[in-house]
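Each of the next two complexes has chain A plus one more chain, namely chain B in the first and chain C in the second.
What follows is the complex of A and B.
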């Protein structure tokens, strides 16, 4: 059973879902994955200070290029035209890398502490970065100074942008919602509906709300409008036996608007929030999944299997730690929404 | 739930006298409440270790264990879980505890006595003595509905009854299976309560209690009924929701460790004696080792073998715990503090991270290499 094999970490099959493995894998854990919005190019940032790019072709992956930072890279994002990649991390700066044209990376942003999250806002032509220095900064890539610096109540842990909605999750469970049409003002600041540290966020494709995941194996579905508050709910996931794992990543399918969760238990699941069902539970991998993403049309789901530090430094053995990046082609049954089951919905 | 009796009473915390069903939860409680550095929130493994950490890292002296009762505040006594408790304190606690539990046990007895004379009537099905009590199976049926209001109590009641101990012998192999089988077994035992044989009773036992609650599941979770049609897919999901469901209806039973998790399931004593064996060894290991790991850097060679969270020694109890439980810091921050410093102590303060990075940058600049 997948459960039992998952208990023997390290010895078990690292690829129980028979996903396509992207090679060569980074030498240390992967911190973020992002696909180009225009083509199947995958970028992975890693704790080994590298940012790598692969071209994903049917049945194969070609490493294309890579750049390096001086410290672990934590986040990455593509520009909307699919030509440029931004990456940032513990070196407290962001590099803009016009890789499709073969250009060299240049620094475009800086913070006072490691940069945890970033996103490209096409409609504003700005890059927004969130850092552990408790600020959100907006950057026009041609200027060295930020266009705007927004104070956050605490260190930025999670970010999701879908113009004009932006939600920032910080330490101490703050969730700050911005309307990017007036980014200087917080649209709303709430405390996370989950009782534990915020880990990841994802905005609904229709911008009516967002998903929030925490370290306590739980995802909250939250609507922005007060009139829709009754549709809010939370559900538990990524729990095995009496262990509760963190939900590390939330990603909406670009076409079907169902979503995937990936957790420290090494599993990823597909869910439909409208019918409140789990569409598919994938087999557990022996290592946690720290990050995942869909490609632009939802035909590829990329996920990394490597240690995410969820059990502290004690469980990390650099000599034997493995890192994998897998690509899963979701079947329609796994990501297509299903009608609500049961009469009148479950109550 | 489990047929074997737990320790003489549940485990309890020396510092604050709170009780827990499971030593692992007790250890986590101690780490979070008593062995936590008040400056950087680092959780140590003993009071002494915490005092040393605060002294060495923050240059402060700690004389009292935080959140401890007035006469239990000394940092000199080396307590880890249930180990290290002075015998007189131990005896005093159990002296009180036995009275309380005995009362509880007696409360459970009356409903069953008229029929079988043995309290664990509901769980007596399948016990070796069971066949001698022909009336037991019907008791089980009728007792089931009675259980939900008082289900947290029966496990305590069970633990006082001799028939229990013989049962625990086989559970060692049984420790693992019940977990994934939970949801599947739930459906059948309800209907076949008089199932003969030890095996089925085990599966009946543990889910016997939670199984009475599914009807009351009204949490806005993804539908359990639907998942019962696809047990393979949903079993892990179900296994985790059931204990949570059960616990949510009896939060008061699970005293303490509230800071750790809001979900707990007290009645599941399945695998308990086996767990105590398992729990003892790794705790000892991690104890001796633990004065290092929280404070140690990557110089620690064989960390994967011993885990502070002890998830590898998976006892089949339903007490749940967070794999990442540090609310004050994210995984990346913790990792970052380690990677960069290789220092003996991990701290999560950003200014420390910044300072160290700045130092590196200035060092490399001095060496003639530009960092950026």
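What follows is the complex of A and C.
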């Protein structure tokens, strides 16, 4: 599946996992997906400058509303009460969209370079945004100026927040950990345990550590506490033969605390880090999966299948490029943790 | 899991191969209390350590900062296993397996506070070779560190989204798909040069700490690059060839350095049709009215100037071994987008700094380096500033 230059005849099945397809699909690649924390509303941001929202009902999806930016939108997040969506991207600003009440979007944040990641911090009532201008900014949506600007060593590539743990991944393999109780101080700054570019992060639900994914088909499991460093490990995934694909997305299941990885090879897998097993390998889709997410109770796993630029501009054919958003209902066997495979005695 | 109450002797030394499965207790030599939350008093102590030690060296973070952290985590002189490279047996990677046989002898020679000084350069070199052979990802525009948790050997990351945003921006300004592809190819080639240089000269170039070695490094890299011109790494005309050709190329290089990689050079030409077909479509993304009339032999001509400018860029790379941004104007999206953009005054191959520069639309790419307040070693431009800054 390495050649993505759009064969028109005999196109591989775009939905080998028989997932539910969300329609109408965006006209250009999806950059982020996020579910409302309160209900099954899915928001997708896309390179076609749109932010779209669907209501997901059993067996169907209803498009609800959409807004547009002037430039591609890269990230989105919901407010904790499920009423408002924030979105930002290459236009270097963030729009706050109270879509549940039918309101119009307003601008609430700005950076000097495209905004790559954002998260809503409920406990602080602030939005945090990470940008390629090497800063992290905290915003109270009622004020035009950021509450705080935090300098990063490099451009922000990944962000994960689980109060009070926040981990920021930047270019050149820096990982900066913050305790949001004192957000102005870096709690710790480490270099990634992986050897190549950091692509995605996910904080453990118990906040003991985080997962880091890179472009080299590898995920690192890192614990924060030095006394738990022995439990750190890395594992390989999203590789096929000699081809090593990027891990684009890491998501923990909200209930079972297992996690899913999605990669540029078009596959997504479910893993259990405590027993160090892969729970389920799903079938490969013909295009990469740039982003994915679970809904609030883990009953739906949404993923986008579309070109992620992992092979540059020349493999992008706007005329034939396809974008899909699928919803997978994970079976319990796929996402429920399993006990360790017995290791027996020593040798 | 722990069948005996004895502490594990190997773990104390930092080299227990059983990891979690070990039936002895993996207790740190200094018996620290694990704080369940990770943000307890113990860690606060580390926090204090870290912030004190990190401040003096913001730019050299990658090297000395690391040592501070390791120092902090070694506060109790414990848990050395994760901070030492090549000893972390808990990775399930087969590429580490090749180093495990040599690591026992490595144990004692590695410094505790691991600024990775490459006490065993042969081992590091082997690690790098191994990585480039087995662990070479498909995405090439990346930083690289041969040592887990260690500083980067190659910096200058470009992410998928940055490249895509730059392409969309160029398309919006009216560049043709072909010129965008050319620009991306240049980025790719310069990055491949960097990787190749690292392979040839690990730890001669990459230590930004000692300015003494940087002069040395320049001459070294020149010497190696002159050699490189006769045995040039393959210049790729497309991303999709990389998965095959790079691995082939690197094995050619490591085994028989003198062999002209003609086989590898032939590969790009066989893929030219890819470039052509994708170039034939009008670009939808971002703009209207982009002519779809592309020159009929874009790939053919690109290979020619590519190799000649490859030599230019190789020489230029020698003088700036970090290949940092003295950015050539072609990337600011000037009009007359033609496939021969390469004929412009190309000072040096460009890397990720350029990608970040592309986003700053107020500052022209050339100027960002002059606007910086402080230059890191390796970033210092070689040419004089343009007149507007004097």
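By our rule, the second predicted complex is superposed on the first by the 333 of 347 C-alpha atoms of A that agree within 3 Å, B and C clash if a C-alpha of one lies under 4 Å from a C-alpha of the other, contacts with A are read in each partner's own complex, and residues count from 1 in each chain.
The rule is simple: contacts are C-beta pairs under 8 Å (C-beta built on N, C-alpha and C of every residue); 3 or more make two chains touch, one makes a residue touch a chain.
Everything numeric here is computed off the predicted structure, so don't read it as measured data.
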>> Given the alignment on chain A, is it a clash or a fit between chain B and chain C?
In response: clash
>> Contact-wise, after the overlay, does A:21 reach chain B, chain C, both or neither (first, second, both, neither)?
In response: neither
> Where does A:140 make contact in the superposed view: on chain B (first), on chain C (second), on both, or on neither?
Replying inline: neither
>> Going by the contact rule set out at the top, does A:215 touch chain B (first), chain C (second), both, or neither?
In response: both
> Should A:233 be classified as contacting the first partner (chain B), the second (chain C), both, or neither?
Replying inline: both
>> Output check: A:341 vs chain B and chain C. Expected answer is one of first, second, both, neither. What do you get?
In response: first
> Does the superposition put A:264 against chain B (first), chain C (second), both, or neither?
Replying inline: both
>> With both complexes overlaid on chain A, does A:318 touch chain B (first), chain C (second), both or neither?
In response: both
>> Per the contact definition in the header, classify A:278: touching chain B only (first), chain C only (second), both, or neither.
In response: first
> Regarding the shared-chain residue A:186, is it in contact with chain B (first), chain C (second), both, or neither?
Replying inline: second
>> Residues of chain A that sit at the chain B interface in one complex and at the chain C interface in the other, please.
In response: 3-4, 31, 47, 71-72, 74, 90, 112-114, 116, 132-133, 155, 157, 171, 195-197, 199, 215-217, 233-236, 242-246, 264, 308-318, 346
> Where on chain A is chain B touching in the complex?
Replying inline: 1, 3-4, 7, 9-10, 31, 47, 70-72, 74, 90-93, 107, 112-114, 116, 132-133, 155, 157, 171, 195-197, 199, 215-217, 233-237, 239-246, 264-265, 267, 271, 276-278, 280-281, 308-318, 320, 341-342, 346-347
> In their complex, what parts of chain C are in touch with chain A?
Replying inline: 11, 18-21, 23, 26, 28, 32-39, 42-43, 46-47, 50-51, 54, 58, 61-62, 65-66, 69, 73, 78-79, 81-82, 88, 90-93, 131, 135-139, 142-152, 155-157, 159-165, 167-169, 177, 180-181, 184-185, 188, 238-240, 243, 247, 274-275, 277-279, 281-285, 352, 356, 359-360
>> Could you list, by residue number, the parts of chain A that touch chain C in their complex?
In response: 2-5, 28, 31, 47, 71-72, 74, 90, 112-114, 116, 132-133, 153-155, 157, 164-165, 171-174, 179, 181, 185-197, 199, 207-209, 214-218, 223-236, 242-246, 264, 290, 308-319, 343, 346
> How about chain B: which of its residues touch chain A in the complex?
Replying inline: 176, 179-180, 218, 220-223, 225-227, 233-237, 239-241, 243-244, 261-263, 293-294, 297-298, 300, 302-304, 306-309, 311-312, 314-328, 330-336, 338-340, 346, 350, 353-354, 357, 371-372
